[in-house]
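First subunit A sits with subunit B, and in the next complex the same chain sits with subunit C.
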Partner chain A sequence: MRNDPLLSIKGLRVEFPTQDGPLVAVNNVDLDVARGEVLGIVGESGSGKTVLGLSAMGLIDRPGRLTAGQVVFDGQDVTKYSESGWRNIRGNRIAMIFQDPTTSLNPVQQIGAQMIEALQSHRDISRDNARQIIRNAMVRVGINSPDERLNAYPHQFSGGMRQRVVIAIALLNEPDLIIADEPTTALDVTIQAQILRDMRRLSRDTRTSLVWVTHDLGVVAQIAQRVAVMYAGRIVENGPTEKILKSPCHPYTEGLIASMPANALPGERLHSIPGGLPQLSKLPAGCSFAPRCNYAASACNMSPKLIQISSDHAVRCVSPLDGGS
Partner chain B sequence: MFAFILRRTIQSVIVLFVMSLLVFCMINLVGDPVDMLVNPESLPDEIERVRRDFGLDQPVYSQYWHFLKGALSGDLGKSYVFGRPALALMAERFPATLELAFCALIIAVTIGLPLGIYAGLRPDGFATRIMMGMSVLGISIPTFWLGLMMIILFSVILGWLPVSGRGDIGVFLGIESSIFTMDGLRHLIMPATNLALFKIAMVMRLARAGTSEVMAQDFIRFARAQGLPRKRIIKSHLLPNILIPIVTVIGIEFGTLIAFATVTESIFSWPGLGKLVIDAIINLDRPVVVAYLLFVVALFLTLNLIVDIIYAALDPRVRLQGDDT
Partner chain C sequence: MEHVIELRSVERSFVTEPDFADRVASMFGAKSNAKTLRAVDGIDLTIGPSEVVGLVGESGCGKSTLGRIVAGILPQDKGDVLFNGRMLADKTKLKDGSGLGIQMIFQNPASALDPRQKIGDAIAEAPVAHGLTQRSGARKFALSALQRVGLGEDALDRFPHEFSGGQRQRICIARALAVDPRVVVCDEAVASLDVSIQAQIINLFLDLKQELNLSYLFISHDISVIEHVADRVAVMYLGQIVEIGATRELLENPQHPYTKALLAEVPTLDKNLSEEHALKGELPSPLNPPSGCRFHTRCPVATATCRLERPALEHWKCDHQVRCHVVTAGKQNSGC
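Take a look at the complex of A and B:
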């Protein structure tokens, strides 16, 4: 097994021009995803986690664009790829699953046809062979009697089933990496738990790397080995899931953990982090979390660097918490 | 499906009946056809004889009763002017109008649809701005003025195309049409284009609106994330989804092309239904006017039914029982 990371993002910056000046959705992000690893990316809405996921697919919609940094996938710098170069990777080596399964599938095409299309755009394959692969993929994601389902239209499926179809499509070409953008957020908790369990198993069995983008730390705890916490376009903390959940070093991570409903005491108010995300086009000087931070001090006017707490744990804070220890 | 068609047919018969009543009563309020038919110097008893021959001496309700009895056996009365059944006259003229409307529709779709899709895919493009500007002209310039300008340019100044008439008629597979001869096509192209201009602009605007709406949908992004080629995305994801509203409008517009080709037919002396009905209105040829109006109503009823059926075929979410939600 090779040790170089499958996906390596270096100094990535993505900007969207607005009337108030450029909006920096992803700001100097470094991130590695090892082969077979499940990485969670956690953050509030608008923290840039979705844009980060899309940039690994070359799917940033105009007028947004990548202004600095590189995305290295399997040793290749893909940032300079042409559209056809990207096309060979998308769906083939990197697959993506989106948040809302009700809108991810073409409403007027049978799902079998959509799956065959996904296969045939990457390999020269007969319809019969394609159908066999599709059947296997559907069974793997827990869809029973796949043959009957192939001729059905998306609206004939429930939300959970549709997301399974979407996952099956993502699996078709046996990608090395799947980027899942809040794939269980629109589903109810029992379905969510099933899908999390299935995905964890799939990732382990096939050694597929998984990047799980979510706002839900509970989900991350269930599936990810490592987690990166994003705030206002930056990664503020990055390390093994267990360490981060037990002893967070960044005040923002601490706030997120305290806000998890599971950590609330009955009868007490749920915790919430005061204030809201700053406008990404008008970031405060220094630490962008400082205005909401309980520990803010004058040193926070300086832009904090990523500090290595231990070999596998880094934090972007001038005075990291000592992790409750 | 069968129940749906049956119910719609019954509704159609009722609409036709009400329409015939309205048309018959109203047309009886306008002028006296006998004045148009006899020599002004005829003797009073001769005028009375003509009036009796056409049944115009009867009260309106008994005239209507007579008409209704005839209509139920397929006889919509005889033209006062030609002395021949109104339906036969219309049947003679109908192919010319159908051919004109059909060609106009083909022109509108083959030009309007690709241009509209292009404009929707490149909303900020230079070509898009020019096209959208032209489409405003296409919608707002009066047909008759443009028709006259076309005649001046292409027939009078350049001398490329004949001024008016239908030209030679060819026979192919038992169908008589001027499409099948060179001379016929040269006669057809100008009136068909004139009739199509408004529709080109309309189809283009519909296609553009549909395209920009559909391209922003998640399933397009998901299709891109699967690495589908752009052509494939346009063909199997974009096109079927924008066609649904376009087919509805085109179906109805085909009706208006047939029913209201009057202006174009008058300018180009095209021997179609529009010219027939204009002449009939001028001559107070009541049976022809009534027959024409009933034909137009029946045409729209039929087109609506066909559009609904095609709509259901295109959009699997639509079911034609009418009793489900």
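Take a look at the complex of A and C:
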């Protein structure tokens, strides 16, 4: 078994030009994903999770640009790949499940035809064979009567069914890495649990690596061994799921967990972190979270580094909370 | 009590199109393969002033279809939809402001925004057209709508593709609330938001409910959100309501076997994912719903009656109704 990480992101920076100057969506991110690992990514809306995932797929569109860093997949720096190099691995060795399923399905093509295309573009396979694989893939994500359903167009499916089709497509070519961006957001909890079980089995049995972006901390607790927390383009905490959810060390993570509705009485106002995400083209000097942080002190005016507080747990804060308190 | 929304035996079907081969075959006299899919099948539901009715159920069971009917965007085939006691006209035909009274926040924010329209214009367009604000004040109006959902001035002149998924969702929420609706249909409106922003939006919804008597049909798969916001909860399965009741009562005391399975799978921070699926079997195709009780193919307590007879939605307690032979057997209408 190989122990080098399947995906290794180093010093990655992604910018979009705006009227107010460059917007730094991903800011000096380092992240490793081991073979067979399930990594959860959580973080504030707009903090760069999707852009990070897209850059690992070579999908940052102009005028957006990778301005620094590397994305190393299975030992190869893929940031240097040409579009044709990408076509060989995208959808084949790395698959992405996009946040909004409507954008990844073609509205004027039948679901079945889209799936066959996804299969045949990477494999030499007969139509009949392809149909059989597709039928199984649909049943796997809980869509029954696949034969009747394969002729449907995307708008004839419910939101959750479209999302499941997208999941099924991502699984078709048995990729080594799946980047799933809010894959179960629109699914009811029973189907979500079925998909989580299926994905967990997949990562255990075939050492498929999963990067799971989600806002649902309960889902993170169930599927991810490790979790990375993003804030304003940076990773602010990275460590074992249990540790982070039980005793977060970054004040943002603490505020996030305190905002869960399960931590409030029904009908009462929910806790939320005061203030909002800073404008990414005008980041404050020092810690980006300082303007909203309960613990901010003068030392926070210096940009904190990601410091290792134990062998497997890193925090970007000048005075990390002492976990458990 | 006057209901703000009242649905009476509402039904809606879709005819799935036959594929090309079927169409050719039917031209030569073969039986057509077109199938009818009953997405919403006989729904009775009321929403009172400043009431939040939560709607949960398996993916594909008809929640969005029902939401669109309530919002007047999709006509029903049968039954009546009343808004403030008056028959709801097809919204597409309404020219006056009354069409703004019911707003819907859609499940997929990407498709709900015009990609070529700047955010500030998208938000102010309807309010300006209906005289809720002057054209000269439109920018300020749009900004204050955006600030309520945690976005700032820098959003006004940007286009939808420049925003993250959750930011787009908040833009849709701001736009729906900007026209001063009476009823808001929220279709997974907070699903794509991180829990802190989700909390901020839920607080906003609850404030508006208090201050302006807003009513909501709140579709969500997140039971902890439903528990927090809803006064009553309806559980749907294959186009029908199978259980409905006051939120506390229903969540603490679920009766329908489907509801029980659903609640068993709610993920929490301290619960491990069980190896076993709480629901046996697979969701039947709505193209071909089971006879009798629609849940009988997966129900752990089904009897012979369940396979043959359709159960009715009956009172279990005054604030709690269930559609299940086994649950309601011998426990009829306790005086309600």
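Some observations on this one:
The rule we apply is simple: the second predicted complex is superposed on the first by the 296 of 325 C-alpha atoms of A that agree within 3 Å, B and C clash if a C-alpha of one lies under 4 Å from a C-alpha of the other, contacts with A are read in each partner's own complex, and residues count from 1 in each chain.
As a working rule, a residue touches a chain if its C-beta (ideal position, glycine included) is under 8 Å from a C-beta of that chain, and two chains touch if they have at least 3 such contacts.
Bear in mind that the values here come from a model prediction, so they are computed numbers and not experimental data.
Once the two complexes are overlaid on the shared chain, A:103 sits against subunit B and subunit C alike.
In the superposed pair of complexes, A:311 makes contact with neither subunit B nor subunit C.
Once the two complexes are overlaid on the shared chain, A:57 sits against subunit B while remaining clear of subunit C.
Judged by the touch definition given at the top, the superposed model places A:43 against subunit C, while subunit B stays out of reach.
Of the two partner chains placed by the overlay, only subunit C lies in contact with A:221; subunit B stays clear of it. Of the two partner chains placed by superposition, A:294 touches none, neither subunit B nor subunit C.
By the touch criterion stated above, A:121 is placed in contact with subunit B alone, subunit C being left untouched. Using the contact criterion defined above for the overlaid structures, shared-chain residue A:89 touches subunit B, although it does not reach subunit C.
Set side by side, subunit B and subunit C differ in how many residues of subunit A they touch, and the one touching more is C. Of the residues of subunit A, those at positions 100, 103, 110 touch subunit B in one of the two structures and subunit C in the other.
Those residues of subunit B that touch subunit A in the shared complex are 217-219, 221-230, 232, 236-237, 240-241, 244, 314-317. Against subunit A, in their complex, subunit C makes its touches with residues 14, 16-17, 19, 35, 56-60, 63-64, 107-111, 150-152, 154, 157-158, 162-167, 170, 187-188, 191-200, 202-203, 206, 221-225, 227-228, 247-248, 261-262, 265-273, 275, 277-279, 282-285, 287-288. For subunit A in complex with subunit B, the touching residues are 57, 59, 83, 86-92, 95-96, 98, 100, 103-110, 113, 117-118, 121-122, 153, 155, 166, 169.
For subunit A in complex with subunit C, the touching residues are 16, 18-20, 42-47, 49-50, 99-103, 110, 139, 142, 144-145, 148-149, 151-152, 156-161, 164, 181-182, 185-194, 196-197, 200, 215-219, 221-223, 245-246, 255-257, 259-262, 264, 266-267, 269-273, 276, 279, 281.
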